Structures are given as structure tokens and as C-alpha cells.
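Heads up, the next two complexes both have chain A, just with different partners, chain B and then chain C.
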Partner chain A sequence: MAQELVAASTLIFAATLLAALSGAPLLVPGLLSVSRGQLLATVLMLAASALGLIGAAVALISGSSEIFQLAWALPFGPAEIGIDPLSAWFLIPIFLITGCAALYARTYWHAGHYPHNVRKMTFFFGVMTAGMSAVVLARDGISFLFAWEIMALASYFLITTEDEKPEVNAAGTLYMITTHTGTLGLFALFPLLNLLSGSWLFPAAGSLTASSPLAAAVYLIALFGFGMKAGIMPLHIWLPSAHANAPSHVSAVMSGVILKVGVYGIVRTLSFFNAVPLWWGCSVLALGGVSGVVGVAFAIGQHDLKRLLAYHSIENIGIIFMGLGVALVGQATGSPAMMLLGMSGALLHVLNHALFKALLFLGAGSVIHATGTREMDLMGGAARRLPYTALLFGVGAVAICGLPPLNGFVSELLIYLGFFQGIQGTGGAAAAAAALAAPALALVGGLAVACFVKVYGIVFLGSPRAERHEASHEAGWPMLLPMLLLGSICLVIGLAPSLVAGPLGRVSLTVLPLLVTTAGLPLQELAPLEMITIAGALLLALISLVTFWYRRRLAGTVCSENVTWGCGYQRPAPRIQYSASSFAGMLTSLFAFVLKPQSHPPEIAAGIFPDRSRFSSHVPEAVLELVYIPALKRLYARFSGVRKLQNGILQQYVLYSLVTLVVLLAVSYF
Partner chain B sequence: MTNSIIHILLALTMPPLLLGVIGKTKAAFAGRVGAPFLQPYYDIIRLLRKGSVFSTTTSWVFRAGPIVALATTAVAALLIPFGAHQSPISFDGDMILYAYLFALGRFFTMAAALDTGSSFEGMGSAREATFSCLAEPTLFFALITLSRLSGSYSLSGMLINISFGVWLNTGAALLLLVCGMFIVLLAENCRIPFDDPNTHLELTMIHEVMVLDHSGPALAIIQYGAALKLFVLGAFFVHLALPYATGNSLIDWGLFVISMLELAVVIGMVESAMARLRLVRVPQLLVAAAILAAFSTLLVIR
Partner chain C sequence: MITLADQLLVLVLLINFISLGTSRLIFSIRAVAVQGVILGILPGLIHPFSWHLVGITTVIIAVKGFVIPLLLVRAVRSAEIKREVEPFLGYVPTLLLGAVFTALSFGFAGKLPMLPEHQNYMFVPASIATLMSGFLVLTTRRKAISQVIGYLILENGIFIFGLLLAEAMPIMVEAGALLDLLVGTFVMGIVINQISREFSSLDTSRLTSLKEE
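The block that comes next holds the complex of A and B.
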């Protein structure tokens, strides 16, 4: 067993190193042509992801954990890295999605088309992958922060791949500001943890009591710092523009994996505590509910394909938080069933969301590649030219709505079962919280269906709305293959969830050691995983049966083709089709109290014949534009005097550092 | 085993009869003789023999729409208990599958409507999307109330538990639930006052406008699927409102059939007595239903 584990960690460390160096040959001037360098980096990334996946799988199956000490000469005590089931679980999406995205990028962002930024993008892509892997491997505050910053900075350079465009730069700057605000929180988090546990090393799971005020401060700061990265509402402001402006495969990794690293931070921090108070669980549940409902409501209002997908990430992070909330409420009220169902639902949704969101972003990338626009209202009928992309995107769309027989349904079912456990329980507050959360999750599901019908219908179905943006070509195999892989995993998890039940149970045990003492609760007994398989198979069988019968029937009767029935209208044109904005119109007006949609109606001319006129409508990022920016402007006006300190003279900054050090020395002396 | 076979046979054969009864009731209220009870069966058989016209804009999604809608409703029909009998498939958490199966069917119906590229069908699709997600929380509040009352995690356990004894104890909660679920039943099945299945003005329709371009066998599948959906959601509702049970298996099957027919008569009466609501009023009524159901949940949770 021990030997196996060494092999697993060796594989993972090798994979991390390989990923970090994958783009390095491109940086050496004159060593390789851009195209060859990109090819080499792709191969290295694929090798890294294969090694990493094998390592993570071995570590998950064996289920034990190992810690290694680094020879680290900094004045913070020992630095450790380690692997346990929780790390291994998060390593799976990290290596899977980055591998898929790297293969996709070779065609999507080919060196021939983007010679000036391919070097930068490829290099930082590898660095970001290594950074993420290092974050989940770190076992002390200092290494964690190092890895965290490497990941955050590398993703900044990836977002700003096309830094000649002003909107890309704006998105990058917003990302930079918010990510560092979050990191600021983490800088406060680890010293507080140090105060609690007396060491920079991560405390063992369940070793700290959560009742002290200091623990509450740790919890709130972790929620802020990691929540910023995870994109929980109302800290999500960086996310829509960053995901929309990055290249699609980078968006896939950011949305699929980087947000999950934020979730990892929260799960890891929560795992340190035992006897958490009820308000922790209730607040996580409430944050999740708000993120879920408001995130999907914002998504419905979008007409930029990638912005829409970005808002769905906020929604799905909300669902993950709802699962974590159930687990915490269960911990507070002493219900092992709630803990296990909530935690495994949340963790499975982490993997599921990585799978289908990456699939959707890669699919969106193919469509954008083929149509030359991100504006959904200019697309239409893409399924004719991109049949495979359309099919795979459809799989992702059904999966993200949480519909059977795909994987999204399984994780949502686990979370729902957690809610129902809470409702049956004796705890009044827990029952009430669960009773309000379940309908909220149902509303999220309903809105997600509305939103993805809109996306699928407007982008892939009907006929092209603008000749200039008619889809031209199907994506090549290096772009389709990763999507096919992700789509098949979605189907496998959806049809045979028992496959992941064992590892999920083990990961939940590392996070919630309390469960060990109340053992004898395997996930399979609480959740009807084999019934999901039966029901899914039955559904697919019925669909095939009816299809077979219908085709036979069609063969026996007269079939003809004609134009769509226009209700008597003689001159239909593609532009009279329902558009993304009109489809969403009713829902955005229902949610107008949070979305604050803006529309600019045309002026009706007074003359006999109508003049040319324009109409536009738009759902802004209301939280950023109506809350943060006005508040920050007021803050800026109030504190502009302090800015005199920041005068741009380097020597003075060095002086500040010196003064600070002297003051600190004096403080520590007395 | 016998019960399962009766269950499947009833689900296969009885649904169009409900539509026939609704039609007959409406005719009686209007002072007409009306079409025979079996007219919906004749309609479906006639459509099956007809040819199909496909729009040149459509793809495989258009053809898949009716099929997936029927298949999902059929699986849902196996999850719901009919009368006092266990459903053929029952497990912890089947209520979530039940709710999400309808969502899957709706996904494909709406996508098929958008596939035609017709703005009218887009309109119907948008309305269906809006109204159905407002109906979703009501169903879940109902499931929570029922789960709390019965201590069960499956539809069979929750629904068979309801009896006149439960009504005596928690009558207020169940009454609120019956009101909320009746509104949802009418909305989900596109009955008056939400939608008029007989209207001919495309601008005001919901379900019928989504299927404007389907013809022949596909239309037959859609009509049968719609009848089955009414039957399945009706069976859920009948458990709440008319929880007759005697303990004798055969009599219970008879009672189930009678209460389904009663439900059809009630729907026919509502349709005769009410006009269709303005579309802007529909969300308000659906939110009202959710609030009623939420009250019932609060009553049992407190």
C-alpha cells in the first residue's frame, strides 16, 4: 500500500513539474519555431495530464494519505506538501480539463493564426496548471500562498492573451484587482489559523473547535478570500468579463477548474473544525441559494454566449455551496446522513460542473470560431454545419440543467436527498433551512432549463440570423475529441453513479472525520445509485423504442418537406425568428428587481412611412455597476488625501519598507 | 406483479379517456351533445395513419422532441402510485427523478419548437419556459410537506400515506396544498385558465403553438403524451384530494379510475366556468400557488 502511494505522489509531482515546464522551450529565443513549440507543449501537457490522472486515481482508490516535508529555508517553519483523497479528488478535474483544453488549443489557438501571443499563452497555461496542482498539494499556509499567487498571476496573463483589445485589458484589470482583494483575505486567514493551531502547517481534520470567536473570524475570512475566487455572489464581479474575454479553452479551465480551487480552499478550511455552529451551515446555504437563483437569472438575460456560460458558473458554484451548507447543517445538528449526502453531492458537483462546463465552453469556442461572433442574436442554425459540436453541446446543455440521465442529475439528487433528510430531522432550524433550500434549488433547475433551451435553440437551431455570421465549418478532430471525452464521462457518471460512490465516500470521510465515529453509513445505502442506473437505462430504452417505432411509421406514410408554417404570413425572413433577448424577455422582466435590465426603445417617426430606427436591450452586471462602482467612487473621493503617499517615486517606497521594518522591530522588541 | 401489470395497462390505455370526459363535460355545460367519450382515441389513430410534413429548417431535434417528451412522461408514470397501490418502480428520491423527467421532456419540446425557426413557436417556447419554472417550487414545497407528513423519501410512501385520518389532523396544510397543486396541474397541462387547448389564435397560445409544425404520427405522439401527462399529474393530485382506500386491491383500482374521472369532470367544469387569463396574470397566479404551498410547508415544519 505504502509503495503504491509513493508511486501515486511521484506521478503527481512529475505531472506538476512537466506541466510547469511545458511552455518553457517556447521562451528560449531561436530554439523552436512557434508552431513546433506549441506542438511540443501540447504533447507535454497531454503527458502531464495522463500522469496526473493516473496518480490521482491511484491515490483515490487506495484512499490513504501521505505528507512530504520540503527542504525549505524560509523563517516560517517546515513546509509540507501532501496528498490525501480530498486533494486527489480535485486533481482529477485539474489534470483532465487542462489536458483536454491543451489539445483543443492546438487547433483553436493555432500558432499560425496567433503568432504574436501563442508563446505567452502556452507558457502561462502550463504554469497555471502547475499552480493549481500545487495549491491542492500544499499543506502549510506559506506554500499554499505561493502556489495560489502563481495560479492567480498565470491566469491573469491567460485572460489578457489578446491584450491589444481594450475590453480584454479591462477584464484583466478587474480580475487582478478582485483576485488580490481575495488574496488579501488569505493573508489574514493563515496568521489567524496560526493563532488557533500554533503552527503554519495545516491542522488535522476536525482538530480545531469552531466555537471560539477566532474560529468565526477564520470562517468568515475564508468565505471572503476563497469565495472571491470561487465567484460566489456577490463576490462574482470579475467572473463574467474575465470568462467572456479569455480564449475559450482558457475560459473552460477557469470556469471548470480555477473556481473549484476556490471551493477546495473553503472545503479544506472547513475540514479543520469540529462542532461547527448552525449559523455557519445556514450562511453557506443562504449564500449558495442566492448565488444559484441570481446567477441563473443573470444568465438568462445575457446575449453574449460566453458571458452567459460564465453566469452559469456562478449558479453552479451556488449549487455546490448549497451541498456544503447541507453538510455543515448536518454537522451542527448531528445528522451523519445530511453530512454525507451534502458533502458528496457538493464534491460530485465539483467534478460534474468541471466536466460539462468545460464541454460547453469548448463547444462555444467551436461555434465562435465558425461564426466569428459571440453575439447569440447573430447566430442560428449552427447545427447544420457543426452537427457533432451541436450534439456534444446538447449533451453538455442537458447535463448542466441537472436532467437525467446525465451526471448533473446525480449530484443534484444527492443534495436534494440531503435536504429531505434535514426536513425529516427533528431540528427545527435545520428543517426550516432545508425546506426553503429545496424549492430554491428547484427554481434554479427550472431557470437553467429555460436558459439552455434558449442557448441551444438560438445558436444551433432555426436558421442563420445574419448572413455574415453563418456558421462555416465543423471543428477539427483535436477540438472534437476533448469534447467527446468530456461528454462521454458525463454520460457514464449519469448512468453508473455507483462507480464514483466509493471514492466519494472516502473523500467525504477525510473532510468530515466525525463520520468515521458514526460509521456504517455507505453512500450507496443512503442514495439509490443503482436505481438511477435502472431508471436511466429504462429511459434510454424507451426513447430508442419510440424512435424505432416512429421511423417505421414514417416509412409507411407519405412524408414531404415544406417551409415552416408562418401562420399565413407570406414573406418570412430569418430575422423574424425569436431571438435570445425576446426568448428571455418574460423572465428578465420577472427578475427586473435584481437584473435592472436596460432597453432603448426606438423613436417612432411621425411621418407617413416609418423611418429606420434601432432597438437595443441589455442586462448589465448590476452588482458591479450599481453597487461596487458607486461605493468605490465615494470611497475614493473620501480618501483621496491618502493617495499623496503613492507618488510614484521608487526611493520613497523603499523608504516606506525600511520605516515599516524599523517600526516592526521596535514593536517586537518591547 | 398483478398490480404492476394493471398499473401499466391503465397508464397505456386510459389517458385519452380523460380528455374525452373533459370534452363531454364542457359540451354538457354549453348545452351541446358533444363528441363521443372515445373521440381522442379516434383522433390519435387517425393522425397515426396520416402523412407528415417537415419544415426545411428543422433538424433531428425537431423529430426528437415528441419522442423524448413521451418517453420521459412514460417513465414518470411508472414512478407515481395509482390509487392505494405501490408504483412499479419506487426508491428513495424518486420524487426528484419524477420532477426532473418532466423537465427533460420540456427541454426537448421547447428545443423542437425553436428548431422550426418560427417566431410564433419561439413565443410558445418562451412562455412554457417561464411558466414551468415558476411552477417548479410549488411541486417541491408539496413534496416537502408530504415527506414530512409521511416520513418517507419516495413518492409511493408519501402519497399512499395520505388518508382521511391525515386530513383530520393536518387539514389546513393539505387544503393549501390541494389549492396550490390544482393550479399547477392546470398550468402544467395547459388547461384553461392558463392556456386554451382549443384556441386558434397563435398569439395567445402556449403548448399548442409549440407543436404547430408537427404533423401525422409525431402529432399523435404529442397528443397521447399530453394526455399521459395529464393522467400522471392527475394521479398525484387525486392522492391529495380524494384519498379513498379500502384495502381490497380490486375495489381500490375501481376507486382510482372513478376518482380520475371525477377529476376530469372537475377540470371540465373549471374550463366551462372560467375564461382564459391574460398572459401577464399567469405568473402572478403561479407565484400565488407557490406561496400557498409554502404556507402548507410552514404549517407542518414548525
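The block that comes next holds the complex of A and C.
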């Protein structure tokens, strides 16, 4: 066993190093042509992700943990890295999604088309992968912060791949500000943890009592710092523009994995504590519910395909938080079933969301590649030209809606079962919280279905709305293969959830060691996993049967082509079709109180022949534009006096240091 | 040997005053070069012989005594400036402040909780005094080249402090210090170039026009 584990950790370390160095040959001038360098980097990234995945899988199956001390002379005591089931669980999406995205990028962002930024993008892609892997491996505050910053900065450079465009730069700047605000929280978090545990090393799971005010401060700061990265409402403001403006495979990794690293941080921090008070669970549950419902409501109002997917990430992070909330409420009320169901639901949703969201972003990338626009109202009929992409995007869409027989259903079902355990349980506040949260999750699921009906209908069905943006070509195999892989894993988890039940149980045990002492319930007994398999298989059989029957019926009849939604007009035009905004109009107006949609109605001049006019509407990032920016402006005006300190005179800046130094010396002198 | 080291440290302190009091840039650069050479000799006087020490000494004398001063002299020649005119604070007040800081640093060093074997050395007060002189040059001079000189003096001050630890000092810290120096010089080199290109002058106070409104 021990031997096996050494191999696992060696594999993961090797994978991390390989990923970090994958883009380095491109930086040496004159060594390789850009295209060859990109090819080499792709091969190295694929090797890294294969190694990392094997390592993570071995570590998960063996289920024990190992810690290594780094020979690292820093002033903060020893630095440690380690692997345990929780790290291994998060390493799986990290290496899987980055590997898929790297292969995709070779065609999607080919060196021939983007000779100016491919070096930068390829290099930082590897660095970001290594940074994420290092974050989940770190076992002390200092190495964690190092890895965290490497990850955050590398992803800044990835977001700003096309830094010649002003909107890309704006998105990058917003990301930079928010990510560093979050890091500021983490800089406060680790010293507080140090106060609690007396060491910079991470405390063992469940070793700190959660009742002290200091513990509450740690909890709130972790929620702020990591929640900023995870994109929980209302800290999500960086997320839509960053995801929309990055290259699609980068958005896939950001949405699929980087947000999860934020979730990892919260799960890791929560795992330090025992005897968690009820309000922790309730607040996480409430945050999750708000993120889920408001996130999906914002998504419905979007016209930009990638922005829409970005808001869905917020929604799914909300679902993950709801699962965590169930687990925490269970911990507070002493219900091991709730703890296990909530935690394993949340963790499984972490993996599932990484899979289907990456699949959706890659699919969206293929469509954008083929049509040349992100604007959904200009697309249409893409299924004709991109049949495989359409099929795979459909798989992702069904999965994200939480419908059987795909993986999203399994994780959401686990969280629902957790709610039901809470409702049936001891009663009191826990039951009330669970009873309030269950309908929220149901609402999220329903709205997600509405939203993806809109996306699929507008983008893939119907006929092209603008000739210039007619989908031209199917994506090449390096773009389809990663999508196929992700789609099939979605299906496998959806059909055979018992495959992941064992590892999930082990991961939950490392996070919630209390489960060992109380009744250690296996996940299989709490959730009808076999039933899911049977029902899923039946459903799949039914779908294929209906498809087969439909195809046969269609083959025998004469088909005529017409414009979709032609409605019997004599001269229908593609513009007559439902648009993204008209489809979402009703739901957007229902949620107008948070979305604040803006529409610019057409001016119809009086007279017999009215002039040409135009109508446009959009849903702004309301939290950013209506809350943060006005508040910051007010703050700016209030503190304009302080800005005199920043006068641009270099000498005065040095003087500030000198004065600080002298004051410190004087203080220690007297 | 210790007395010789102390005498050399007095020389280092005097050189601080030279750089504080002179307006001629070339003279100031040479003074700092001499200071660098002295600092290179110092480790050999207080630590027993080792090849590690020889390595440190050679690198320090080469870098601080020759490479950086040569670069600076070239920068001065190419920019065709000889003197620092109109500093923010005049030369006499700067010298006086330097004297006050030196006195204070001696007083302060006496209060520091130090190992008994370090107690009688002049290293700590000399280090703090040099550091302060560097800061003074940095804050009172306008020309970018004077800024570099101030930065070098500051770095020398830190180096003197490090001398006490030379044996215990891991290579990483040494490398860090040298890297620091290199980066500092590079950044300043870039600043010098940029300022003279943008404003056709080497006056750092012109940088205020880069400030974001």
C-alpha cells in the first residue's frame, strides 16, 4: 500500500512539473517555431494530465493520505505538501479538464491564426495548471498562498490573451482587482488560523472547535476570500466578463476548475473544525440558494453565449454550496446521513460541473469558431452544419439541467435526499432550513431547463439568422475528441453512479472525520444508486427507440423545407424566428426586480409609413453596475484627500518607507 | 583583525558622508565603488578562510566595485550630466541629517538584543547608518542616477548587516541579495532610459505627469 502511494504522489508531482514547464520551450527565442512549440506543449500537457489522472486515481482508490516536508528555508517554519482523498478528488477535474482544453486549443487557437499571443497563452496555460495542482497539494498557509497567487496571475494573463481588445483588458482588470481583494482575505485567514492552531501548517481535520469568535472570523473570511474565487453571489462580479472574454478553452478551465479551487479552499477550511454551529450551515445554504436562483435568472437574460454559460457557473456553484450547507447543518444537528449526502452531493457536483461546463464551453467555442460571433441572436441552425458538436452540446445541456440519465441528476439527487433527511429529522431550525432550500433547488433546476431550451433552440435549431454568421464548418477531431471524452464521462457517471460512490465516501470521510465515530453509513444505503442505473438505462433505451422510430418514419415521407416559425406567411424570413431575448422575455420580466433589464424601445413616428427604427435590450451585470460601482464612486469622493499621498513623486514614496522605518526604530528604542 | 574591520567600517561611514555631501555625480559613483570594494574585503577579515568566502569576496568586489560603477559612469557620460543641481533638500541639511541618523543608529544598536560575540562590533550601527544614508540620498535627490546611487548605498547597508551572518547565511539569501541588486539596477536603468526619452531630462520629479488622475 505504502509503495503504491509513493508512486501516486510521484506521478502527481511529475505531472505538476511537466505542466508548469510545458510552455517554457516556446519562450526561448529561436528554439522552436510557434507551431511546433505549441504542438510540443500540447503533447506535454496531455502527458501531464495522463500522469496526474493516474496518480489522482491511485491516491483516491487507496484512500490514505501522505505528507511530504519541503526542504524550503522560509521564515515561517516548515512547508508541507501532501495528498489525501480530498486533494485527489479535486486533482481529477484539474488534470482532466486542462488536458482536454490543451488538446482543443491546438486547433481552436492554432499558432497559424494567432501567432502573436499563442506563446503567452500556451505558457501561462501550463503555469496555471501547475498552480492549481499546487494549491490543492499545499498543506501550509505559506505554500498555499504562493500557489494561489501563481494560479491567479497565470489566469489573468490567460484572460487577457487578446489584450489588444479594450473589453478584454477591462475584463482582465476587473478580475485582477477582485482576485486580489479575495487574496487579501486569505492573507488575513492564515494568520487567524495560526492564532487558533499555533502553526502555519494546516490543522488536522476536525481538530479545532468552531465555537470561539475567532473561529467565526476564520469562517467568514474564508467565505469571503474563497467565495470571491468561487464566484458566489454577490462576489461573482468578475466572472461573467472574464469568462466571456477569455478564449473558450480557457473559459472551460476557469469555469470548470478554477472556481472549484475556490470551493476546495472552503471545504478544506471547514474540514478543520468540529462542532460547527448551526448558523454556519444556514448561511452557506442561504448563499447557495441566492447564487443558484439569481445566477440562473441572470443567465436567462443573456444574449452572449459565453456570458450565459458564465452565469450558469454561478448557479452551479450555488448548488455546490447548498450541498455543503446541508452537510454543515447535518454536522450541527448531529445527522450523519445529512452530512454524508450533502457533502458527497457537493463533491460530486464539483466533478460533474467541471465535466459538463467544460463540455459546454468547448461546444460553445466550436460554434463561435464556426459562426464568428458570440451573439446568440445572430446564430441559428448550427445543428445542420455542426451535427456532432450539436449532439455533444445537447448532452452537456441535459447534464447541466440535472436531468437523467446524465451526471447532473445524480449529484442534485444526493443533495435533494440530504434535504429530505433534514426535513424528516429532528425538526427545528435544521428542518426549516432544509424545507426552504429544497424548493429553491427545484426552482434552479426548472429555470436551468428553460435557459438551455433557449440556448439550444436559438443556437442549434431553426435557421441561420444572419448570413454573415452562418455556421460554416464542423470542428476538427482535436476539438471534438475532448468533447466526446467529457460527454461520455458525463454519461458514465449518470448511468453508473455506484462507480464513484466508494471514492466519494472516502473523500467525505477525510472532510468530516466525525462520520467515522458516529454511524459510518455507506452512500449506497442512503441513495438508490442501483435504481438510478436501471432507470437511466431504461430511459436511454426509450430515447434510442423513439429516435429510431422517428428516423424511420421520416425516411418514408416527403419533406419540404421552410423557415422556422414561418407561421404561414407568404414570405417568411429567418428574422421572424424567436430571438434569444424574446424567448426569455417573460422570465426576465418576472425577475426584473433583481435583473434590472434595460430595453430601448423603437421610436415609431406617426404617419402612414413609419421610418426605420431599432429595438435593443440587455441585462446588465446589475450587482456590479448598480451596487459596487456607485458605492466605490462614493468612497472615492469621500477619500479624495488621501489620494494626495499618491503624488507621483518617487522621492516622497521612498520618504514614506524611511519615516515608517524611523518610527519603528523609535518605537522599539523606547 | 577586528580592529581593522572596525576601521574599515569607519571608512564606510565617511564614504556615506561623501555621497551625501557632494554634488558631483562621478565623484559620488567612485566613492560608492570604493565602499563596495571595502565591503568585499570585510568578510575575509572576520570569518575564517573558506572557498565559499573567496567566491563571495570576488563576486562582491567585481560587481559592487567595478561592474555597476562602470555602468553608472557610462550612463552619466551618455546623459551628459555632471552635477545634481537643485536637490529637494540642500547639501548641508542633508549632511546634518546624515550625522543625526548616524548618531541615532549608534544609540539604537546599543539597545538591540544581540549575541555577546557581536556586541562589540561596529557592524550593526554602521549597517543602520549606511541604510539611512541610502534612504536620505533616495529621498532628497532628483536625478535618476542619484537614485541609483542611493539604492546602492542602501543595499550596502543591508549587506553589512548580512556580514554577521555570512557563515549561517544560506546560499539562497545571498543569491536573493545579489538578484535584488541586479533587478534594482535594471529597473533604474529602464527608468533612466524611459525618463530621458520621454522628457529629454533625467529629472525624476517629471514622473508626476505619469500619475493617474
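Some points to look at:
Please note the rule applied: the second predicted complex is superposed on the first by the 619 of 670 C-alpha atoms of A that agree within 3 Å, B and C clash if a C-alpha of one lies under 4 Å from a C-alpha of the other, contacts with A are read in each partner's own complex, and residues count from 1 in each chain.
Everything below uses one rule, namely that a contact is a pair of C-beta atoms (placed from the backbone, for glycine too) under 8 Å apart; a residue touches a chain by one contact, two chains touch by 3 or more.
Computed from a prediction, not measured in an experiment: that's the story for all the values here.
Of the two partner chains placed around the shared chain by superposition, chain C is the only one that A:Leu665 touches, whereas chain B remains out of contact. By the touch criterion defined above, A:Gln652 lies against chain C but remains apart from chain B after alignment on the C-alpha atoms of chain A.
Of the two partner chains, chain B is the only one touched by A:Asn562; chain C is not.
Contacts of A:Gln570 after superposition on the shared chain: neither chain B nor chain C is touched.
In the overlay built on the shared chain, the residue A:Ser640 is in contact with neither chain B nor chain C.
No residue of chain A touches both chain B in one complex and chain C in the other.
Listing the residues of chain A that touch chain B in their complex gives 380-381, 383-384, 390, 394, 398, 401-404, 409, 412-413, 416-417, 420, 423-424, 428, 431-432, 435, 438-443, 445-447, 449-450, 452-454, 456-458, 460-463, 526-528, 531-532, 534-535, 538-539, 542-543, 545-547, 550, 553-554, 557-567, 572, 574, 576-578, 582-587, 590. Residues of chain B that touch chain A in their complex: 48-59, 61, 63-64, 67-68, 70-72, 74-75, 78, 89, 91-94, 96-97, 99-101, 103-104, 106-107, 110-111, 113-123, 125-127, 129-130, 132-137, 139-141, 143-144, 147-148, 151, 153, 202, 212-213, 216-218, 221, 283, 290, 294, 297-298, 301-302. On the side of chain A, the complex with chain C involves touching residues 73, 646-652, 654-655, 657-658, 661, 665, 668-669. Touching chain A in their complex are the following residues of chain C: 88, 104, 107-108, 111, 128, 132, 135-136, 138-142, 147, 150, 170, 172, 204-205, 207-211.
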